[in-house]
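For reference, the structure discussed in these notes is given below.
Order of writing sets the labels: A, B, C and D. Residues in every chain begin at 1.
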């Protein structure tokens, strides 16, 4: 199970400006608040709005994290933008039994048929939820809900403080979006 | 008095080689650069002081009698004072004369 | 009690500058230092830090403005990286020679050309001889801890020298990680107010930066050298006192599983952490390997280096900078020279790697150690090897 | 001649802030300008000096000519250092750390340190609006290093790097208009001055230091060494620069130009040029060309002035 591994490595795929780095940061800070060790960082280098970007999170329950390299063999991959599936090999290096969390409108079964059986899959229509609750299609907090549902890597409550710190008066709506995504995420039980 | 540079050791230097004695360059004699000296004709001098204002060294001072005289410790002998004196009270004399 | 927070290291640097209650920040943005100065600007804009933020038009002016601010007795901080450090180059000498205690973090970055915004130590090595106190760090905690120490060391009346804290660009600067930030009261207790002895002040005029003819220039440089050497005692005392207060301990050369090891690897900066993981693995496999981490780069810790390697047979040094046409990595060549007169000294093997942001993995460090041992036995035709380069 | 020239002692402080014993060349117009400027500045100032003649002649370790706090660091960064000082003083006053109040910050540099290598730092400091006075002492070349041309060297002048030769008349470019560049930053005060007009110079310096915000004063400083003229003609040649319209004296206050001296008839530029060895090689034709340009620029300036 991913949530009990000594070191969990998560890679986020988004586009510049979508908030992949923010997602990573919030998850890492939540883990740190839980008293664990965690690390979040963007792909190193210049970023441009719209261009595909990566963000990374490492979570370790017992030991300080000593590796600072970009994550090449993640346990979890989170895809913020369904359009990326066509242009980026999001599963590159994803460990066997690793979890793929995808934002898509398409039904779970559709995606499942395209994904190799060696991986686990979770899908969520995060864009719809974000539009409904936030008024904008920015899915960073929504996808955290999906990640949590799919992996249990952090407690939902641990995200509340980082989100409140980060978003101020927009925090509660983001929390709602995260919770809704948590409930609506589809995965094979 | 500031120690001359030839006697200063590294331990004598202030932090960052800061100079803490303001205006101590006034110890330094520039008068020996001079090849001609200004001489004042007291009869023509109206004590206006124009010579003092135009002196690049700032070495022309008013004496007790009100005349403006160059301090030859500093005066380099440029001749500006003589040139600018509108009553022609100053003439430049060769140092050897 | 210090608070454990998850924070990006760059932001933590700005927070530490705030805790140190800096008076003036003059900075020019450059990747990967930008987040530091952005956050400082924000802290000033929010009224959380009462400082002048001078958004200068270049790094040359950034360091120059720092000189001016420091010369009137202001606590002065800036940050830069790579090309920015290069543009500051001549100003750096002035800061140290004139003993202006500016504190600067450098998000280490490769140098053009080709342009690279990513990390290595080319920028550090090019400012090696500028007379600054220079300290390497390997994680966010070390950065903020040493930044706190930096203000105290720099402004110590016995020192009055500028201090550079080096952190690897991106690998450290852009990392969100857990670290402890001290309470304001702890900071206040740890760093006394800046009391520069001869600030520019019309009440007591001084002349700073007078020029030196040959009859006196050597004396000024001897004084500077003696001063930088003497700063080591203050640095050591500061770290000791820091340990006493905060229970985290720093020393000029740090060791990891190096006790009695015949083979030693030496690294600096954030790569030391990956190297530690590699050493763990190799130790488990029964290999007699240990790790040294160089923390204090200037003043160079001759005594500690000699002590740390005296029982080793092989010392493998990984530099993240090249001295073109030279003797290998700059750190390696210094250490080699430091050991030259030693009766018992290890064979010193030089590697250069991690250039322009290229990662070195645990496996990479294993290779470096194994290859280093091999070279120590068979010798090498090259002065040094570049690790991981495609032939 | 300046109308106040008589009875100087009543009008000018005797106090020499720029102490004698400085090692400027005989007849140095720049030392004169600095000395006068310092009289106007008074003692509650901090001076930042660029590398250059005035730095070298005034601060040879272990001596200093300065009786006010003074700092020299480098050549091109004078305005930046000044901005750090200004910001530092301001913030420390606010935080209760600074005892001396109302300290003026003055940057001094030569024409090379201003219009060439220091232009970027100057532009930055002016744009950021620091409360300081920048004075450019313009002797129209790099005199400190041996009379090399700068962008402030006038057309036709022979210098060691723009020498007159068989196929060259010397400097082939027209003097960069530094005051106009400063004024383009929309700063509150820009002025030109010349120590041949000492009271005008001192009044402008006083105004410049008292005005809130950045001020820029460009002072023509005759250099007998570099201009190849007799040392006693320093003041006269400066006066001729003004009277010929080659270096008109004016102020730009909040964007409004004002001539300091109006001449119904300008003297011919030849009167100025014939006294200087650096122009000696010029033909009548070239001098005519220069006259034409000076007339045109002077007319333009008069049109701008109210």
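Everything that follows uses one rule, which is that contacts are C-beta pairs under 8 Å (C-beta built on N, C-alpha and C of every residue); 3 or more make two chains touch, one makes a residue touch a chain.
It should be emphasised that the depicted structure is a prediction, and the values quoted were computed from it without experimental measurement.
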Which chain pair shares more contacting C-beta pairs: B-D, or A-C? B-D
Give, as an integer number of Å, the spacing between the C-alpha centres of subunit D and subunit B. 23
Quick one: report the Å distance separating subunit A from subunit B, using the average Cα coordinate of each chain. 79
So how far apart, in whole Å, are subunit A and subunit C when each is placed at the average of its C-alpha atoms? 35
Between subunit C and subunit D, the Cα-mean centres are separated in Å by 42
Two or more other chains in contact with one residue: find those residues in subunit A. none
Where subunit B touches two or more other chains at once, by residue number: 5, 8, 17, 19, 22
Could you list the positions in subunit C whose residues touch two or more of the other chains? 98, 205-208, 210, 212-213, 216, 220
Pairwise, the chains that touch are A-C, B-C, B-D, C-D
Which residues of subunit D touch subunit B in their complex? 1, 5-9, 12, 14, 16, 18-24, 26-29, 31-32, 35-36, 58-68, 195, 198, 224, 230-236
Sort out for me which residues of subunit C touch subunit A in the complex. 4-8, 31-32, 117-119, 169-172, 174-178, 270, 273-274, 276-277, 357, 359, 361-362
Along subunit D, where are the residues that touch subunit C in the complex? 43-46, 48, 55-56, 59-64, 66-74, 76-77, 79-92, 94-95, 97-100, 103, 120-121, 123-125, 127-128
Could you list, by residue number, the parts of subunit C that touch subunit B in their complex? 97-100, 160, 197-198, 205-208, 210, 212-213, 215-216, 218-220, 222-223, 226-227
Per the touch rule, the subunit B residues reaching subunit C in their complex are 5-6, 8-20, 22
